[in-house]
Every structure is written in structure tokens, then in C-alpha cells.
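What follows is subunit A paired twice: with subunit B in the first complex and subunit C in the second.
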Partner chain A sequence: MSLAIRHNKRYHNLTIFLIVLFLLLLIAANLAFGTLTIPIKEVIKTVFGQEIDNEVWKNVIRRTRWPQTMVALGAGMALGISGLLMQTLFRNPLAGPSVLGISSGASLGVAFVILVAGRLFHVSFSYLDIWGEIAIIASALIGSMSVLMLILVFSRKVTGTLGVLILGVMVGYLANSIVGIFKYYSLEEDVHAYVVWGLGSFNRLSVEKAKLFALFTVVPSFLSVFLAKPLNLLALGDSYAKNLGLNIKLARHLIISAAGILTALVSAFCGPIVFIGLAVPHLAKLTMKTSNHFTLLLCTGLIGASTALLCNLVARMPGSEMSLPINSVTAFVGAPVVISVIWKKRKGQLTGG
Partner chain B sequence: MTKIVEIKNLSIGYINRKNTLKLNSGLNTSLHTGELACLLGANGKGKSTLLKTLCKFIPRLDGNVFIDREPLDAINERNMAKKVSIVLTEKIQVPNATVYELVGYGRSPYTGFMGRLSKNDHLEVEKAIRQCGIAHKKHDSLESLSDGERQKASIAKALAQNTPVILLDEPTAFLDLPSRVEIIKLLAKLAKNSGKAVLMAIHDLDLALQMADKLWLMDSDNFICGSPEDLLYQNAFQKIFNDTGITFDNRSGIFRVEYNNTRVLPVKGHGFEYVLLRRAFAREGIDLVHSKSSVGIWMNIIKEKKNPFQLYKDQSLLMEEHSIENIVQFTLKYLKFEKKSLNESCGSSHEHYSWKN
Partner chain C sequence: MNISPGKISRLSLVFGVLIMSIIMLSCNQKQKQKESWKKQNEIPLKYANGFKIIENDNYKQIIIYDPDNTDDIISRLKIFPKSYKGKLKEREIKAPVEKIICLSSTQLAYFIELNTINHIVALNSSKYLFNEKVNNKIDNGSIKRVGKEGNFNVELIAGIDPDLILVSPFKTGGYDALKNLGIPLLPIASYNEKRPLGRAEWIKLIGHLTGKKRYADSVFQSIDSTYNHYLSLVSDVEHRPTVFSGRFTSGSWYVPGGKSFIANLIHDAGADYIFDNNKKGGSPLDFEAVYSKGHDADFWRLQVSQPPGFTMEKFKKEDARYADFKAFKDTNIIFCNIRVKPYYEENPVKPHILLGDFIHHFHPDLLKDYNPRYYELLK
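Up next, the complex of A and B:
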């Protein structure tokens, strides 16, 4: 192994170490800052299971901030990785979880429940606490998974990834226009409830559900490193990948499924979170300067979690009584990244990632 | 030299649900180790299709192909990756990838589930990069390379794949002439020194004639294989490039564009000056013919003079020049002028330069 590679490896390890450090800092900050500022020392004590005297602090950390932090971490990780999978699969730097229409599928499911089912059964789901929540999550999952199935079936019939990409975009438009029709004929309060869902949030889940959500997003995110080899080969283009012995159909199915399931989970529990899935992979590519997806996946997961936590912290507007919807904050982070990618690419063509 | 690829009665083309498009059939030939073969033929005659068929990207229509005496059907995807590697025309575009990473992906058929390179893999990658002469660029990103270097990196990737057969689909299409020569020389060297069987689709006929061990000439009805010299001897090029506006000069081994010239101009003299003059006039639609007569308009070439090119009308000198361009321009102008004046005087005398029928 040459010197430069060893140097490269050291650079990668150092960068990943720094990102992990940053992530831990953000976790601590998410637990400490908010409407109420809690001293870091007390936060650390609580995290490691020690009793602290201030009951209010303890409750705020355990009941609100801890689940919120876990959800943000899991969602950020899942969305980032889902975005990277799609950008590589479609060899398109502007692909993202929302592009395949999976988020739109979730939106359609939720719109159906909030806007249509409520009127059919003469109940308003926004007032039904636990059952309403379950119905919304279930409908989002059903909506996104059915779009995913449609895309998987389609990708079996069509060769090449461009067709699948176009199908995803078309499904997205269709879903949006159906949602538009629903909205047009709905009660104002239901529309409001739907709009609020669409703005996204990391604090809808109770402690138990948050734990479960974190488990179901973080574990598959880490498992995605097993897709590194097929991703590396697919990045070369289908012909080269096939020539290097890759089973392209299988690889494509695995990658679409992984990306779809991760997006579906996040959309169901947090609403359609925009931009993180699109922007984070680019941040990872910019910092790591490698094409090896083992490193990129790892880095994207960590940066995704950090970005979501950062957005969550900003959305909470520490020190004030107000808060912002999460999607308006992610857009502020995401848009500059997307613009800078296009700016950087202005000399070359807008192909590849 | 052992036979590594054997093609028997092969038909190639495309199948979709409704119809079959057969591009070529009854192909018979073989490729040996240590051999650089160039696949020549006009666009759309099936060069790429043949290459795609050989590496199993598309199914063959009929006949059979044996690689290392094994029929193509009996080789699974993973083993295929260890037998045949390919380099395509298009530039490889992988964001952020360095040369080393790209060549490393060539080791994929040998790496495990996670694609991690072993010590031996690293050695193979280093070797492939060195053989292709891009060792000084190995940690540069692909985007920063020139087109020629990028193509070399692609070839290094194919080398790292460690296959007995390397197929290349017009690897020189986007390159300038020096890079083309360099790439072909590199491939010839790889064939000779590493014992690879290299098959390359290419449009540079003159380069192929000089560098290739074998030529595979492809046309809709013909498929002729052999060493360049044998093919020249058999006049095979005439058959393949019939009716294409190209004639093949067997003695010089150079292709010439065929002009449908209608006019002739008599000329005295010969040698290199004559050849150059003939080329210049051919472009303008005039063929030069040797003649001894000094009647009408004619050219004279006297090498020893300061102005070797002279234009005469009958016995009188109209112009003498050392620049071919100038004498051709003057001649054209003069011919036009003379024709006009002839028309004005109602075509009394005969035309000095004659019309071919």
C-alpha cells in the first residue's frame, strides 16, 4: 500500500472521528437547549442514568427532548442514506428520496385519512389522539409502500434507470394532484391538520415509539454498508457493472427497496421531511472526496443524523417560546447545498453525482 | 499462441418482443493469446453488437462462441467477469473517483462481499496502473485527467480484472491523433508482453493496418479475417469498402477518397510533385493525365527549377509557381475565364481541356 493511500485513510478516519464528535455535541445540545436551558453536567448525568434533583429538568429531558433527539437522529440517518442510494443508482446528483414518489405516496395516504376518511365517517382525525396518530402512520406506510411496490414491478419490466426515475416523478405529480382535489373539498380545519403534518416534525412520538423508530432506522442504515460494493460498481455505469460480474437486477432491487423502506418509515412517523435526503449525500461527498461507498455511506449516515439534529435545534429556537416547522429549517440548510452543487457543476455537464 | 476465443457460425443482432433484427450471420473466426485484433467496418454493420455479444451483454441469435474452450452459455456471470473485460467508448464518469479507486473496482470479481482489496489486489492494481503508464497520476481524480489519460485508466481497470480477453469498443474515438497512436501502441504492447488477447473496434484504418496482428473486416454480407498483409494481398479491402466512395491503393496501403471528377488536365512530369499536384486538383474536380502533347492547356513539372509548376497554353507559358495552391487557383481561374470567352465567341474552336464522358 502506498503512502498516499495510507495518508488518505488517515484523513478519512480523522474526518469520521470529527463528525462523530460533532454528532455527540449536537445530541448533548439537543438535550440541553430549548425553551428551558439545562446545564450540560445535568444532561450527562441523566443520559447515564444517574438521578438528578430537578424533577422538571429530568422530565423535560426524558419525556420530550430524549425521544425527539432519537427520532431526529434516526430520521436524518435514514434520509441521508436513502438519498445517497438513489443518487448513485440513478447516477443523478439531484435524485433524492422524494424523487421516487415515495414521500408523495405517504402524503397521499395521510391526505386520504385526514381529509377523506374523516368526512366519510364523520370524525375529525385531528381530534382523535392515539387512534388518529396510528391511522396516520399506517396510512403513510401503506401509501409509500404501495408506490415502492409499483416502482419495483416497473423496474423489472424496464431496462435502465431513467424510466424508473420518470415513473417516480410522475407518481409524485399524480399523488399531489389527487391531494389537491382532496384539499379542495375538505373542511378548513382538516386541511390545516394536513398542512401541519406536511411540515414535518420530530416530536410526534412518545418515548417508547421513539426508541422503536430509532431502532428501525439506525439499524437498517448501518446495514446499508453491505450495499457498498454493488453501489461502487453501479456508479461505473450498468455495462461496466455487468462486466465486473454484478447481478444488476438484484442489486437494483435491493437498493430501491432499502431506499424506499427507509424513506417510507421516516415519512410515516415524521411527515415528508424535505431536502435532507438530497443535500446530505453531497456534504458527505464534499468532505470525503472518495467514490468508495463504504466510506460514503458511513459518512452520509453520520452527517445526516447531525444535520437533522442541527435543524431540530434551530427549529426549536432555544431561549424563545416559539418554534419553527422542521421543513422550513431543512430547506434553509438544503437549498444552499443544492445551489452550490449546481454552481460547481456549471463548467461540466450535469450528469453523474 | 493458444486459441482463446472461438466464434462458430455466429449470428448477431437484437431481439425484442416483436421482431428480430439480424445484423450479421455466419461469422467464423478465432482470437489467440498475445494477439491484437482490430475490428473494422462502417457504422451500423455490427461491430459493437459483436463485442456486446462476446461479453454476454446481449444474447446471440445463432451459432456459438467458445471462450477458453467453454461455450458462452456455460459460463456464469461471475466467471465471465474473470474471462472477458471491456472498455467502452464513453468516458467513465464517477464523481470523486481517483484513478486508483477506479482501477481497484476492476478487482471486484476477486474481492469478497464488501469489496475490500487484499494485499494481492493492491499489488495487481499497482501493476495495472504502471503498465498503462499513468503511475504518476494514480491519486488524481478522474475529472482532472485528459481524455487520453482517462482512457488509459479505463484500460488499467480492464487489466486489473485480469482476464485473458480484453474487448475495446472504439477506445480512441474521442482522442487526438498522438493519443490514439499511444493507446494502440499500449494495447499492442499488452498483447505482446502480457499475452492478452485484445479485440478492438476501431475506425483508424491506417493505424490498424500498421499495428494489428489480425484484422476482422465486417460488412453486411462479408466477414473477412486475417493478417493485414494477407488481406492486402487478397484485395479484401476492395470487397468491404465497395460503393463507399473510397478506393484502396493496394501498393501504398492507403485509402483514397474517390472523386467523381469529370474533367482532365494533361500534364508532363512525374514524381512526388506530380502526386501532390494530382491530389490538389482532384479536390477541385479535375483529374491529371500524363500526356506528351503540347496542345491546349497543359501543366509542366520541372523539379530542378525554382518554380517547378508551370501552366502552358499551347507553346506559351501562362504562369509559373512554386506554391501548389497558387498554381491550382490560377489554373481554375484561367479555365473559367477561357470558357467564358469561348462562350462569348460562340464556341468557335474546340475546348482545350476535354470533358470525360
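Up next, the complex of A and C:
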């Protein structure tokens, strides 16, 4: 027995080490490959702060690839963890950050600014200038935070998690239908601007904002390991957890807030990024073969960051001048994972984490 | 059943011959069609690819093509004189057409230029309109607003009962409902003409519709001669500055193709557009792609929608990386603010002024006393 545990621990350590290595490799690849072919030597020099002669290369690495890498890393981490929190809380393998309607709330906020505010106050946000960008980020935050508040208030009144889940889904539908009405009555250029926002992107932020974003996503992501214990207990079932002395309401509040804030941040700065939050927790469970949330949270964060970086690299299509919208790439990675989960469930092997 | 390789090759030969003969036949037919038109009186056009007007004894036939693919007929319309006594069938109207609905502000340009806005009874709901006469008519209700693409107020249109509706052909949605009203729709494909003079030449078509055929011809002629005069100014310039266009929005840089309207205009203005490809439409590129190609270009062309008072400083706040471009450092950014300038409702019939604006900026010593109308230098 003790041998098995030790063996398990060694396996976990090795796997985490490999994942970290993979993550570092992907960070390097994100800095090294893009439309421009820059010699690796020059890339390394630039990354380590040495001056290089080619101004263009230097600017591309420091001011285009570097912020993109930070944003992808932070967003992937935050979405993965948020997804895991939701899946465990709702005991639903197909739950994700969007399930509580939080990203729909962000969309509604942005739709209001782009589609409605423009007409009310005669300001066009179709061509985003600095105030437009701030307005969009703020409105996304306000939209998602108000949905989060609504859900927290609701979850205090009802006892079951299922009710909260249904409320979240309903809020999502409600938000989408209001967005639909906005879109229907809006000018074409505004609708286009909204659609482009909805495609999601990791490369909207300047270096300074990217640094802030990374800080505000990576730190809370790591802090979420403190939720490992209540998550482990909740995974056993509400009554079990209660008997073991867990304050279920408090735990639920903490988990929903953590997941909600992470999702809100990502939606506000990058647009609604789909699938990473849904798929990554499954990847973590498949590789780690454990139900201990301490390990799972850590791995989900790392794998989430890696997945986002990988998607970003694919979306950038190194060597070509074109690029793909990030959401079409994340779905490309995410969909097979979801399909495999369903496939396994059919075989009755999925125990629900 | 056994199929030997010999049989397969024989079969494919038969198929090949069949397909070839079908292709040849259809080509022949097109040839015949084209020839038969020539026998009638086709109105000569210099630049436009997207339409044809054929004059017969008692009616005119209008044919609208896709300007990118002139084998593709989009629509036809027969125009009869007012004196015509017969009953009008589908896709037949009498000219001058009295009640026209324009569903794009680009089409409005031709009417404004021909002084025929009294033929317009309704417009789509576009945001910024500068023309005073049109705005007055909207205010006093003689021009109605009927909604936007894909969401027209069909009952309002039916109530207006127009004789003709001008639509833009490259958008989908909403037209089927209009077709049901039994009102002829005429797609105006001028926006897809990639040569600036080709877009302007559509004024001739509007001239035929509104009974101002001669005036339209003379307007076009003067546009044409001014354009060509400017063209001759730059025909032997020694230095051709390099130019790029657009900006980075929401994660991609929408770059017009090397054969687009704007690229043609830049070329005609004695400058070189840096994306010298064969594309007519634009494509979304990433920042790196544009930066690596455009970092040392001489000029930057922009179209913005901003409140008055757009400056270099505000532009830089959008994206700090803009300051890395040579055109930014040299303050060689020319921009057209569509909220300040009547660009959309005029540009189709003002290619000569667009060209003049560009030459004024690209070659300052050639048009010294010129006062640009649309494009300003960003300060």
C-alpha cells in the first residue's frame, strides 16, 4: 500500500515536471515562431535583454509576441482552473466557465457598449480607440460581475447546486437573447465590431496591459489551490462533505466567486474564449489519474496555460501572413477531448471525477 | 463485373469528350449572345465592367454583371419611355423613374451628383449623412428611412409603393421579402468596381434611370478628364513613395488587396502600395506581417470614424506599437475621418478628388495650391 502511494507520488512528480517542461517549451516557441522568420540566436539575445541590430525583430519579439505569450498563458491558466472548479462543484463533466452565464454577462455588457451606447450617446465604438477599449473592458467586467452577484445571491437562497446550475444556464440564454435584439436593431459596422470581439483574441493587449493581465490571472490561479480541500470534500457529495464538517455554503460561495472572477477577467480582456475551460480539466484528469484536487488544480493550471499557448501558436500560423481567430483553434483542440469524454462515459469508465 | 483498366480509360475518354463538347457548346452560346448584343446599340463604356445598357428601338435593356466576373449576369431590367402604352411585365419599368428607394448610401452619391434626389423616396438607415438637401428631405418626411440590410420595414416600403429599389448585390438577406412586393430590384454593383473611374461611370446608369442621360455623360467626362490630367502629372515622377493602409483592430489587421480600389488609387497617385498581390478583396493579417513589411514605408493611409480632433497622440494611444512605423515617426499619416467628411455619399463620383488628395500628399510639389477634400495629414 505505502509502496503504491510512493510510486504514485513519483509518477505525479515526474508528470508535473514534464508538463512544466512542455510549458516552458511552448513559451519559447511562442516567442520564436511567427510570421517573421527570426534566427533563434537573435530571439534568445532579445529575450535576455541584449540589444540586437535589427529594430524590426526586436520590436516584434518584445512588443507583439511577448505580450501575446503572457496573455495566452494567463488566460489558459485561469480558464482551465475555472472550468475544473465548475465541473467539481456541479459534478458535471461538461460544465465549464461559461456554464454560469458569466461570459454571457460579459458579452451582454460589451454588446451594450458597442451596439446600443453608440446610438444613445452618438459615439461610435466600431473603430476602437483608447476610450472604446476601456469602455469595452469595463462593460465586460460589469456584465460578468453582475451575473456573478446574481448567482451568489441566488445560491444563498437555494440549497442544491442543481438550482444554481440551471439559473446560470438560464441567465446565459437571457443574455444571449438580449444581445440578439441589440444586434437585430444595430448598424452593420457595429454588429461587425461586436462579432469580431466575440471571436476572441490574445493579441489585443499592449505590453503594459498584458503584464497586468498576467498578474491578475496567474496569482489568483495559484491561490485557488487553497480550494483543494473543500473541493475534495464536495466531490464526495454534499451530505458527506457536511458530515465531515465542511461549511457547504461558504465553500460554494468561494468556489463560484473564484471561478467567476477568473472567467470575467479573461472574457473582459480577450473576449469569450471557448472550450479551453471545458476541455483542459479532462486532460488533467486523464494525465494525472487522481481525484486529489491539489494535484488537479496545479495540473489544470499548467495544462491550461500550455493549451492556450499551443492554440495561440497554431492560430498564428507561423510562416504565413494570415492568422486564424483563436476560438476556431481552441474548439479544434477542445472538441476531440469532449468527444472522447462522451465516448468513455458510454463505456462506463468515467466516474465523474 | 470485372472492369479492366482498358475499359476505364475508354470510359474516361468518352466522358472527357462529352464534357469538352458541353464546355465548347456553352462557350459558343455565350459568344453568340455577345454578338447579338453588338448588333443592337450598346452604349459604349470606358471603364465599368459591372453593367451594360443596350438601346433598342422602343426600350433600353440594362444588364448588371458581377464586375469581378463579367460572365456572371446578376440582373436585367427593361426601361421603356413614358409614352409606352403596353402593360409592364416583371422586370420592366418606365423612365424617368419617379419613385426610387436607395438601400445604400453609396448609390446616393450618383443622385446627389446628378441633382436628382427628388427621385428618391426612401433610404436605408445609415448613420452619417452630410448632404443638406437630403437631410432636409429626411426631416420633412419626403424621404423615409426604411431600415437596414436584412431588416427592412417591408410594410413601410409597400406603403411607399416605389417604382424601383436599388440594392447592393453582394449582401444577403431581406431581399426576398422585397421581391414578393412585385417591385423591381436593381442591384448596383458599383462598389465592386476596383478601378476608381469604373465606379464613377455608373453615374451613366443612374442618368438613364432618371432621364438625365446627357448630363450624366458630361459629368462623367469631366471626372474622367480631371482624373487623367492628374494621372499625367505623376506619370514620370522619379520617386514613388511606398504606402500601406489600415490599422490593427481586435487582433487582426485588415489589409486591402493589391488590386483593390484603394490600391489602384495609390498606384495611380504615383506611389507604390506595399502589398503588391493580385487580390481584389482584403485579408486579415497579423501585426507582425504588416509591421515587417510596412515599418519603413513612407506613408500610412487611414480611414477612421472619430469625433473631430483626431490626433497622432490619440492614434498612438490605440496601440503603442504604431509609433514604431517610419510613417508615424515622419508624421506621414493621411487619414479620412468619415464622421467629419462626406466620404461615403461622395466617393463613388469623386475619384478625381481622391486622386488629387493622394497626389497632394504623396508628391507635395506637384499640386501645391490644392486643398484636399477627404484626406488630411494626421497631426
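Quick note on the criterion: the second predicted complex is superposed on the first by the 347 of 353 C-alpha atoms of A that agree within 3 Å, B and C clash if a C-alpha of one lies under 4 Å from a C-alpha of the other, contacts with A are read in each partner's own complex, and residues count from 1 in each chain.
Here, a residue touches a chain if its C-beta (ideal position, glycine included) is under 8 Å from a C-beta of that chain, and two chains touch if they have at least 3 such contacts.
In this text the structure is predicted, and so the values were computed from the model without any measurement.
Q: Applying the document's definition of touch, where does A:K242 land relative to subunit B and subunit C: first, second, both, or neither?
A: first
Q: Check the residue A:S201 against both partner chains and state whether it touches subunit B (first), subunit C (second), both, or neither.
A: A:S201: touches subunit C, not subunit B.
Q: Could you look at A:S221 and tell me whether it touches subunit B, subunit C, both or neither (first, second, both, neither)?
A: Neither subunit B nor subunit C is touched by A:S221.
Q: Where does A:K285 make contact in the superposed view: on subunit B (first), on subunit C (second), on both, or on neither?
A: First partner only.
Q: Is A:T307 contacted by the first partner subunit B, the second partner subunit C, both or neither?
A: Neither partner.
Q: Could you tell me if A:S323 is touching subunit B, subunit C, both of them or neither one (first, second, both, neither)?
A: After superposition on chain A, A:S323 lies in contact with subunit C alone.
Q: Going by the contact rule set out at the top, does A:T161 touch subunit B (first), subunit C (second), both, or neither?
A: Once the two structures are laid over each other on A, A:T161 reaches no partner at all.
Q: Look at A:S139 in the shared chain and tell me whether it touches subunit B only, subunit C only, both, or neither; answer first, second, both or neither.
A: In the superposed model, A:S139 contacts neither subunit B nor subunit C.
Q: Which of the residues in subunit A end up touching subunit C in this complex?
A: My answer: residues 34-36, 55-56, 59-60, 63-65, 123-124, 126-130, 133, 184-185, 187-189, 193, 196-197, 199, 201-204, 206-207, 271, 316, 321-323, 325-326.
Q: Which stretch or stretches of subunit C touch subunit A in the complex?
A: These residues of subunit C touch subunit A: 125-127, 148-149, 151, 247, 249-252, 283-289, 291-292, 295, 304-307, 314, 317-321, 324, 339.
Q: Would you pull the subunit A residues touching subunit B in the complex into a rising list?
A: 1-2, 4-5, 8, 91, 93, 225-226, 228-229, 232-233, 235-237, 239-240, 242-247, 285, 288-292, 294, 348, 351-353
Q: Provide the residue numbers of subunit B that touch subunit A in the complex, in ascending order.
A: 55, 57, 77-78, 80-82, 84-86, 88, 90, 92-98, 100-102, 105-106, 108-109, 111, 113-116, 119, 122, 126, 138-139, 141, 143, 161
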